[in-house]
Amino acid sequence: MTLMQVIFLANALVTIFAALMMVTSRKLIHAALWLVLCLFGVAAVFGMLEASFITIVQIIVYIGAIAILILFAVMLTQNAVDDSYKGNRRWLMTGLVALLALGGTLLALFTWPKVASLSTALTTAQLDIGLIGQALVDPQGYVIPFEVSSLLLIAALIGAIYVGMERKGEEK
Amino acid sequence: MLHEWFYLVIFLSIAFLLPAAAILIAGLLSPRKTGKIKTSTYECGIETVGSSKIQFKAQYYLFGLIFLIFDVETVLLFPFAVAYQKILLFGVIEAVLFVLILAAGLAYAWRKGALDWH
Amino acid sequence: MIPLSWFLILSAILFIIGLFAVITRKNSIAILLGIELMLNAANINIITFWRYLYAPSGNLDGIILALMVFVVAAAETAVGLGLILSVYRRRKTVVADDLDTLKG
Amino acid sequence: MSFVADPVTFIIDWLQRVLGGWGLSSGWVQFILFALGAILLTVGPMLLTVGLIWVERKLGGRFQDRLGPNRVGPWGVFQTIADMLKIFTKEYITPIGADKVLYNLAPILAVGAVLGVWAVIPLSSTIFGTNINVGVLYIMAVGAIGELGVILAGLGSNNKYALLGGFRAVAQLISYEVPMVLALLVPVMLSGSMGLNDIAGAQKVAYVFLVPAAALVFFIAAIAENGRAPFDLMEADSEIVAGFNIEYSGLKFGMFYVADFLHAFTSALVFSTIFLGGWQGPGAEQYPILGFIYLMIKTVIVYVFLLGVRFTLPRFRIDQMMAVNWKLLTPLAMAAILVTAIVDKLTPGGFGLVRIVALLVSNVGLLLITNWLVGAYVRAHRARRQVVSGPRTVVVAPPKPVSEAQEVNA
């Protein structure tokens, strides 16, 4: 049990506990804040995988922007009825389905031969962010996803503004 | 690579423990005489009016939304900025196109009045 | 070092919890939270396979795919919350079951 | 490396030998050195804040033609220590119905976020916390954690005004993070790396002279991100009670206070590291201690300038503040990126005179155009307002004929 494995297990426990609390907490604000804790755990997992750029992007985009937007939305719809989680009777059946699905995935996982392979050390040259930058822009590389993502972002921006803005007619 | 992040983990845990310890120590030093009136929520001295759930304007959501879109845009631009010295003019034109498309998004938001705080 | 399977087990568990949240929660914002969790689990898988199988050879597919997952998650949350808020403004409800006017 | 030139590395090597001598494994020695470095880099700024509060109140007095604290000790030097002792013994009043976890977590996050920035600042060519290759983005991520602290304060204290004040503050913080992040793209482009050490090291000519437009946008956004004077709607007296920290008392409120003052000095430090060349200076390579002194001089200059802005400019209304950000700073930051990207690619590399002049002229030109555009926008805006609210004629009742008035009196 090397130090890294202990850290990974501790982090995994915290993340899974936060995810479970997110699903079962009654007040929506607590669910959103448990999600933030879960996102920190996922960022730590990325850190352990030595993807430093993705770790920082996860913290900035998910925790810095998406979680805050969700908290804004929760506050905007505060007066709506708080959904009583215990109320609906579907949760027992879906719990079973979920556990079955989990068992199935794990079973398929362990029959796959390459699963126990260990990771090899990365040289610092390979970790340079500049490589991602060059790949993002060079035509043989990933310039198509780079430009398409800007189109997706502007489409989401225009759509959400059009939908989100209060039209004059409904100021009742 | 990992020991740099390891230092950050130690640094952040100490950076969060320091104020927590200070607050705990101050908690021990300070008196504790809670009264009914003392712990009622403060509202400029008068009794609280109405429930503490108030209706927010949609403005907050719009600003959060525009911030989210521009945050993701900037994050995608950072690898380009790091590799800028090694990129030819053609790559720079692509990134300029990327920024211009999202500037059009900002112009749309400005035109529709989503940027004003009415 | 940490064997590959541990990461996959963690992401499978997170994905299943997200799926569970999407199915059982009635509040549409809680459903959105569940979707976020599922996207995160998928991201862990992507980065794990990139790190263990493709990083030594200098291949960057995994990182770019993970960035695209971030862009899609951001766009999806933005539009999803926009819809939920406009529905809330007109119908004064956020519960997903009440929105059945199309059922006819 | 002699002790005079570089004391910190000398001490580190000496410690390494001593701890190695005690038979500790290298992992543990590394851990102890990391822990020691981290403790120094967190306790140091907290103690520094005590001095900062005094400097700020004293300078504030001078700016507003009054004395500032001068009772406790010579020139009031121990005033802050007296305040600290007082606030340590103040009682914690937690409102009923406050969410215990969120309420208590908020001040810790607020201070922790500001302290976190000190981990990546290169104090001199050899002394720095850590050299992660995503330094600039790390500062943005830590800023996001600070915003989370503000939201938790608003949500946790079960008070209508704290909630509203908290969300207004976060709306301001996230709005001003957009131009700040966009402005940070430019120095990363010029230096070719996100690590703050490489940015500071690459600045043979300080970036303020190469890209003044980005530096100006970053400076204004840093002031707003810190919630300081022209943008201090967060805890402004004329606004909602006292913003998100109404329900806090005792040292919890003190922590928000410390976070505010330390954030001012830290933004000055980040500005001088990224735009003024950090520890760069004559002889900074050979004698790292000189580099540290250069950095401190530059930071103090920027800090005093920051205070000057704080104590002279009046406060923005919230709609003006949002308009300044979205309609002026964000477009200006985007234009600065485009101009720098294109001009820097057309001019030859290195710090040749052609490149410097080209970049400087293009940026100053950009600032002039923006200034002209803002003038045109304001004139058009004022002209339009004139038409709308012309002098309205107030209908005056016709004066009664004199005869009737006498009858009434008679």
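Should a chain be cited, it is by its letter among A, B, C and D, assigned in written order, with residues numbered from 1 in that chain.
Everything below uses one rule, namely that contacts are C-beta pairs under 8 Å (C-beta built on N, C-alpha and C of every residue); 3 or more make two chains touch, one makes a residue touch a chain.
Bear in mind that the values here come from a model prediction, so they are computed numbers and not experimental data.
> If you tally contacting C-beta pairs, which pair wins, B-C or A-B?
Of the two interfaces, B-C and A-B, more C-beta pairs touch across A-B.
> Among all chains, which one's averaged Cα position is nearest the averaged Cα position of every protein chain shown?
B
> Between subunit B and subunit C, tell me the centre distance in angstrom, where each centre is the average of that chain's C-alpha atoms.
21
> How big is the gap, in whole Å, between where the Cα atoms of subunit A centre and where those of subunit B centre?
Roughly 17 Å, centre to centre.
> Calculate how many whole Å lie between the centre of subunit B and the centre of subunit D, each centre taken as the average of the chain's C-alpha atoms.
A distance of 14 Å separates the two centres.
> Need the CA-centroid distance for the pair subunit A / subunit C, whole Å please.
Inter-chain centre distance comes to 6 Å.
> So which stretches of subunit D touch two or more other chains?
132, 137-138, 163, 167, 174, 177, 192-194
> Going by the touch rule set out above, which residues of subunit A reach two or more other chains?
Within subunit A, the residues that touch at least two other chains are 50, 52-53, 55, 57, 60-61, 64-66, 68-69, 72-73, 75-76, 122, 127-132, 136, 149, 153, 156-157, 160-161, 164, 166.
> Can you pull out the residues of subunit C that are in contact with at least two other chains?
Residues 67, 70-71, 74-75, 77-78, 81-82, 85, 89 of subunit C each touch two or more of the other chains.
> If we count contacts the way the header does, which residues on subunit B are in touch with subunit C in the complex?
58, 61, 65, 68-69, 71-72, 75-76
> Where on subunit B is subunit A touching in the complex?
1-2, 5, 53, 55-56, 58, 60-62, 64-69, 71-73, 75-76, 78-84, 86-87, 90-91, 94-95, 97-98, 101-102, 104-105, 108-109, 112-114
> Considering only the defined contacts, which subunit D positions touch subunit B in the complex?
Residues 30-31, 34-35, 37-39, 41-43, 46, 87-97, 104, 107-109, 111-112, 115-116, 119, 129-132, 136-138, 157-161, 163-164, 167, 171, 174-175, 177-178, 181-182, 185-186, 188-190, 192-194, 241, 246-247, 250-252, 254-255, 258, 318-319, 322-323, 326-327, 330-331, 334, 337-338, 341-342, 344-346, 349.
> Where on subunit C does subunit A make contact in their complex?
For subunit C paired with subunit A, touching residues are 1-10, 12-14, 16-21, 23-27, 29-30, 32-34, 36-37, 40, 43-44, 47-48, 50-53, 55-56, 58, 60, 63-64, 66-68, 70-79, 81-86, 88-90, 92-95.
> In the complex formed with subunit A, which residues of subunit D make contact?
Listed in rising order, the residues of subunit D that touch subunit A are 27, 102, 132-134, 137-138, 140-141, 143-145, 147-148, 151-152, 155, 163, 167, 170, 174, 177, 192-194.
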